[in-house]
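Structures for review follow.
Paired with chain B in one complex and with chain C in the other, chain A is shared by the two complexes that follow.
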Partner chain A sequence: MSELPKARIATVSLAGCFGCHMAILDIDERLIDLMQLVDVDRSPLTDKKRFTTRCDIGIIEGGCCNEENVHVLHDFRRNCDVLIALGQCAIMGGLPAMRNAIMHSDAPLRECLEEAYITGKYIRNTTHNVPNDPALPLLLDDVYPCSEVVEIDYQIPGCAPGGDIIFDTLSKLLTGKFRGFEREMIKFD
Partner chain B sequence: MDNGQECSNGLSSTACDVGAVPAEEIAAICQTFGNDKHRMLDILRAVQDRYHCISPSTMDRVAAETGLTRIQVEGVASFYSFLSLTPKGRVTIRLCDDIVDRYAGLAEVAAAFEEVLDIRMGETSADRAFSLEYTPCIGMCDQAPAAMINDVVLTRLTADTARALAEVLKAGRTPDHLISERFAELTPHERATRMVDNNIRHAGEVLLGPVPEDAGLDKAAAMMPSLIIAAIEESGLRGCGGAGFTTGHKWRFAAAERAEKRFILCNADEGEPGTFKDRVLLTERPHLLIEGMTIAARAVGANEGILYLRGEYVYLRELLEQVLEDRRRRGLLGKSIHGIRNFDFDVRLQLGAGAYICGEEGALISSCEGLPGEPKTRPPFPVNRGYLGHPTVVNNVETFCQAARILDRGADWFHAMGTEGSHGTKLFSICGDCLNPGIYELPYGHTLREVLEMAGGQDAAAVQVGGPSGTMIARDSFHRKLTFDDLATGGAIIVFNGERNILEIVEYYMSFFVHESCGYCTPCRVGNVFLQKAIGKFRKGLANPEDIDYLKELSGTIIETSRCGLGMTSPNPILSTLQNFPLVYSAVTKPNKDGIRDTFDIQSAIDGARKIAKRRSYIFDRDFTQ
Partner chain C sequence: MSGTKKETGFTFTIDGVEITAYAGETIMEAADTAGVYIPRLCDHEGLRHQGSCRVCTVKAGGRSVAACTQPAAPGQAVENESPHLTKMRRDLVEMLFHEGNHLCPICEASGNCELQAMAYRLDMTETTRFPYLEPCRALDASHPDIALDTNRCISCGRCIRASEDVDGKGVFGYVGRGIHRRVAVNGENLADTDAQVTDHAISSEVCPVGCIIRKRVGFVTPIGEREFDKGLIGHEIEARRK
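Up next is the complex of A and B:
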C-alpha cells in the first residue's frame, strides 16, 4: 500500500460549527492508518490557507451562508476531483438554515440581523448597530446546502457524523470499495 | 390570544371587525343551517357572500354557535379558496387562469380589468368595491378566456369586452346586468344558457339525444333493488369521473353493508382542467341526474342524497334547486316515491368553495361533513364507511345519468355500445387549439385521430388526454383508442398545436397541483414544489442531463408515498411528456463541465445584504473606483 502515491485531501468548514472537523479527529488512533494513505493539503487541520496542488478529495463541512462560503466552495470544486459534503449543514443547510424560516417578511435578512444584534431580548450591544466591517463577507439571502451551489459527489450524514462512518467511508473511497452506507451506520434512532 | 398577536397574523383588521358584523346576524346564519357543524361550509359560504370576509370574531361566533373550537372553524375557512380571512370587494372578479385561457388571451383581459379598476391582480380596491384575482380552471375551456364575477360567469372575453364590463361594474351596476338588463325575469335555465354556451357538438344515443322523462325511474320503481344492481352490473357501466370503477359493484358493496342509513353522493366537482362535461349535463339533463341518484337510492336503500356542486358552478344553483323543488312537488323526491312504501329519498345541494381536491371522493365526503376537504385514509372505503360513517355511494354526474338510461333501455342495449371492457358512450370535452371546442358524446373505442378530426383539431402536435392528471401524447400515438384500457379519460381532451411550448404547459400544470395539493402528505405538498422548480430550470435552460433522472426519481417517490389520487397523478404531466416528448427536454439540457451550478445566482443571493451593508461585494463585484 505504501508504494502507491498518497491521495491528497483538503477540508474546510463553511457555515458549520466545526463539530464535523472535531468528528474527523474522532477517528482516533486510526488516523495513523489513514495518514498512511493520504496527505492533507488545504485544511484547518494543517492550517494551509490555499491549495498547494490539485486534490483528490475535498471534504466540506457546513453550508453556504455568505459570499465567502460560496467563493471557497467554488474553489474546492475547481481544485478537487471528488467533493464530500460532511454532516447535516453541508447536506441540508442544517441549523444555520433556520433563518430561512423567516418567510413572511419583506426583508427577512434585515429582520434576522436586527433580532440578532439589536432587538433580541438578551442582546447587549452598546453600539446598537449591526456589525458592518468591510472585512465581513456579505450574507446570502438564504442559507444554501452545498449541493445547490456546486455538484457534490458524496454525502456523509450525521450531526456530527461519527468517527466510524467518516473513517469507513474515507478508507473505502480511497481503495475504490465504497458502495454506499450500511443501513446500521446511518440509522440514528 | 391577545390583540397584538391577532393583528400580527394579519387576520384582524378594522375593515372587517365585529363592529361590521353583528353577532346576532352571524347567529341567524348559523340558525338557518340548524347550528349544524356538518353544514360549516354552507355557513361560511353564507357569511362570505354577505360580508365578503370571515373575520376572527365571526369565526369565534360561528364556533360558539356550532359547538366547535375556533381553530376547527378557521381550518375550514382557510382551506377553501373562495372563503377569505381578509376583506374582499363587494364584487369579486375571478379570472380563469387555465393554460387554455392563457393561450386565448388571458393576459390582455387581465390587463384591461387592472387598468379600468385601477388595482393589480390579487388586490382589493381601497373602497372595497372590487377584488381581482386568478382562479384555476372554472370549466369554461371551450369558451375561454372566462371569468366569474361573483356568481355570474362571463365567457369569450377580450380586452375590449373586459374594459366595457369593468366600466359597467364601476358605474355601480350589479354583475347580473352584464348578462341581461332583465335578468330577474329570466328562468334559471335561460340565465345559465345566456351566461354559458353548452357547445354540444355531437349528441349520442345515451345522454344528449332525446331522453324520455323518468322512464328509467318508472321501471326501477317496479324492480327489486337487487335486480337494479344486477342490471347495472350487466351493462358494464364504469364510473365516468376518471377512475373507472365498476358502478354496479360499488352499489352492491354499499347495499351489502349492514347499516341503518346509507347515502348517495353525486360528485359534480369536476375540477380537472379541461373538463366541462358535467356542466353541460347539469344544465341540460338535471332531471336525468336526479333520476339516476333516485334509482341508486332505491338500489342500495338510501334515504338521503347530496349533490356536491363545485363552487365555480354556483351559477347553476338556482337551476338545480328549481329541479329539486319541481321533483319534490311531483312526488319524485320525498316520502313514498312512486307510492312505494319506504321508498323515501331526498337530495340536498351542497356547494363547494373552490378546491380541486374535493373531486376526490374522500375529500368530497369530508367537505360535505363540514370539514376541510382532505382525503380520508382508505380502507375503509366510502361504500363501507363514508359520509358521517354511513355506507356511501359516490358517483360522477355522468355515471348517474347513464344509470338512469340503462334502467330505461336495458343493460344489453348499453352493453352493446363501445368496446369490450368499456361499454356505452362517453362525453368528451374537447378544447384548446381546435375549430369546434365543445362536448362530444361518442361510444368508447374511437381513436384519438377520429375525435380530433371531428373537432377540427387536425393540426394538433400534442394532446392532453384526461387533464393534467392524465397523459400528454404526441402525434405518433393519435391512433390510440379512447377506452379505459388504452387512453382513459374523465372526459378532458385538450388540444395543443405545434406553436405551443410543451414545457410551459407542464410548468403550468405543476403549478396547478402545487396550488391544489391539500397539504396533508409531505411528498405531495413539498415534492410538487420541487418538481415545479425543476421544470423552471429546464425552461431557463439551466438544467443538466442528470436533472432528468431527478425528475423521474422524485416523481416516483411522490406517486408511491401520497395518500390520495392527487399525489399519485400529479407527476403525470412530467412523466408523460418525458416519455412522449423526450427531445423537448434533452434539447434544453447541457452538461455541467466545471461542476458549478448555474442555477445558483450569487448576484441575487447577495443583493439584499449589499443593500443592508451599503457596500459592494469584495469578492463578486468589480471595483469601479480604480
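Up next is the complex of A and C:
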C-alpha cells in the first residue's frame, strides 16, 4: 500500500454544527488504516485555511446559509475531483433550513432575526439591532443544500452519519469499490 | 366463509413467484398473505383502500395500477420490484419529501416514520433533481393531548379514514384541490373537534409520518432503537414468505 501515492482529502464545515466532523472521529482506531491511504489538506483537522494542492476528495459538512459558505463551496468544487456532502445539513439544508419556512411568515429570515435579536422574550441585546457589522458574511435569503449550489458527487446521509458509514464509504471510494450504501446503514437521523 | 374462499381461489404471479388469491382480493392483499412486500404509504391494515399515494404502483398486464385497489386476476403477470418501478417509487417518495418540510433530524417520528423508512428501503441517497418547495404550514397545538405539525403531512388520508370508519367521528377531511389538497380538521383548530388521544386516528400506527403527535410521550424510545432501526419497512411481511 505504501508505494501507492496517497489520496488527498479536504474537509470543511459550512452551515453545520461540526457534528459531522466529530462523526469522522467516530471511525475510531480505523482512522489509522484510513490515514495510510490519505493525506489531509485544507481542513479544520489540519487547521489549513487554503488549498495547498489539488485534492481527490472534498468532504462538505453543512449547507449554505451565507455568501462565505457559497464562496468556500465553489472553492472546494474547483479544487476537488470528487465532492461528498456529509450529513443532512449538506444534503438538504438540515436544521438551519428551519428558517426557510416559518409558520404564517412571508419574510421568514426577517422574522427569524427579529425574534433572535429584538423581539425574543429572553433577549438581552442593549443595541436592539440585528448585527450588521460589514465583517459579517451576508446571509442568504434561504439556506440551500450543497447540491443546489454546486454539483455534488456523493451524499452520506445521517445526522450525524455514523462512523461506520463514513469509514465504509471513504475506504470503498479510495479503492474504487463504492457501489452504493448497505441499506441497513442508511439513516437520516 | 374460508371454505367458499378456498373454492374460488386462483393463482397469478408477482415477479415470477406464484401467488394464491381469492375472488375480490386486491393484488396487495394476496401479496401480503404470500409474504411478498409491495411498498405502500396511504394504505394501512384495517382501513379502507384509497389508492392515492401510488407508491404501490405495479405493472399488471403491462399497465401501471395501484396494487392496493386493483383486484387480482387469474393468470395475471404482475411486475413489482423491477428497476423501473423502484425508480418511480423512489421519485414519488422523494417528491413527498420535497413537497412538505421533512426535517428528519428534528422530527419526533424519526425512526418510526414510514416515509423515512420507505426512503431507506428505496435507497433515496443520490443527489436530488427536484426543488424543495418549503411551504409555510401551520402547527396546531390547541388540543391538550394532541399536536398537529402539518409541515410533515403527506396527505395520505389514513387519519381521515380511521376517524370516519373506525372512530365514527370525522375529525379530519380533505380540503382544496390538486397540489393545494390538504388534510384539515373539522373545525377552527383541533381543540374545537371531538378528537381524543384514545381515537384510532390519533394512534401512532395510523399517521405514517410525524404529523399527528401525542403530547408528553415524545422520545420515550430513543433514536436508534425505533421500529425501522430494527429492520427495513416490510420485513415482517417478507418473513411470511415460505
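Everything that follows uses one rule, which is that the second predicted complex is superposed on the first by the 181 of 189 C-alpha atoms of A that agree within 3 Å, B and C clash if a C-alpha of one lies under 4 Å from a C-alpha of the other, contacts with A are read in each partner's own complex, and residues count from 1 in each chain.
Here is the rule we use: a residue touches a chain if its C-beta (ideal position, glycine included) is under 8 Å from a C-beta of that chain, and two chains touch if they have at least 3 such contacts.
No experiment lies behind these values; they were computed from the predicted model shown.
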Partners on chain A (chain B, chain C) - clash or fit: clash
Which superposed partner A:Leu138 touches (first chain B, second chain C, both, neither): first
Which of chain B and chain C A:Val130 touches, first, second, both or neither: first
First, second, both or neither for A:Leu173, with chain B first and chain C second: neither
Partner chain(s) touched by A:Met103 [first = chain B, second = chain C, both, neither]: second
Which of chain B and chain C A:His74 touches, first, second, both or neither: first
Which of chain B and chain C A:Leu45 touches, first, second, both or neither: neither
Contacts of A:Gln155 with chain B and chain C, given as first, second, both or neither: second
Partner chain(s) touched by A:Leu113 [first = chain B, second = chain C, both, neither]: first
Segment of chain B that clashes with chain C, given the candidates 258-266, 384-392, 402-410 or 510-518: 510-518
Those residues of chain A which chain B touches in one complex and chain C touches in the other: 142, 151
Touch list for chain B against partner chain A, complex: 592, 594-597, 599-600, 602, 604-610, 612-615, 617-620
Contacting residues of chain A [partner chain B, same complex]: 66-68, 70-71, 74, 77-78, 83, 107, 109-110, 113, 130, 132, 134, 136-142, 144, 148-151
Contact footprint of chain C on chain A as seen in their complex: 85, 88, 92-95, 97-98, 100-105, 108, 142, 145, 147, 151-153, 155, 157, 159, 180-181, 183-184, 186-189
In the complex with chain A, residue positions of chain C that touch it: 97, 101, 103-107, 110-111, 116, 119-121, 123, 125-128, 132, 134-139, 151, 223-224, 229, 232
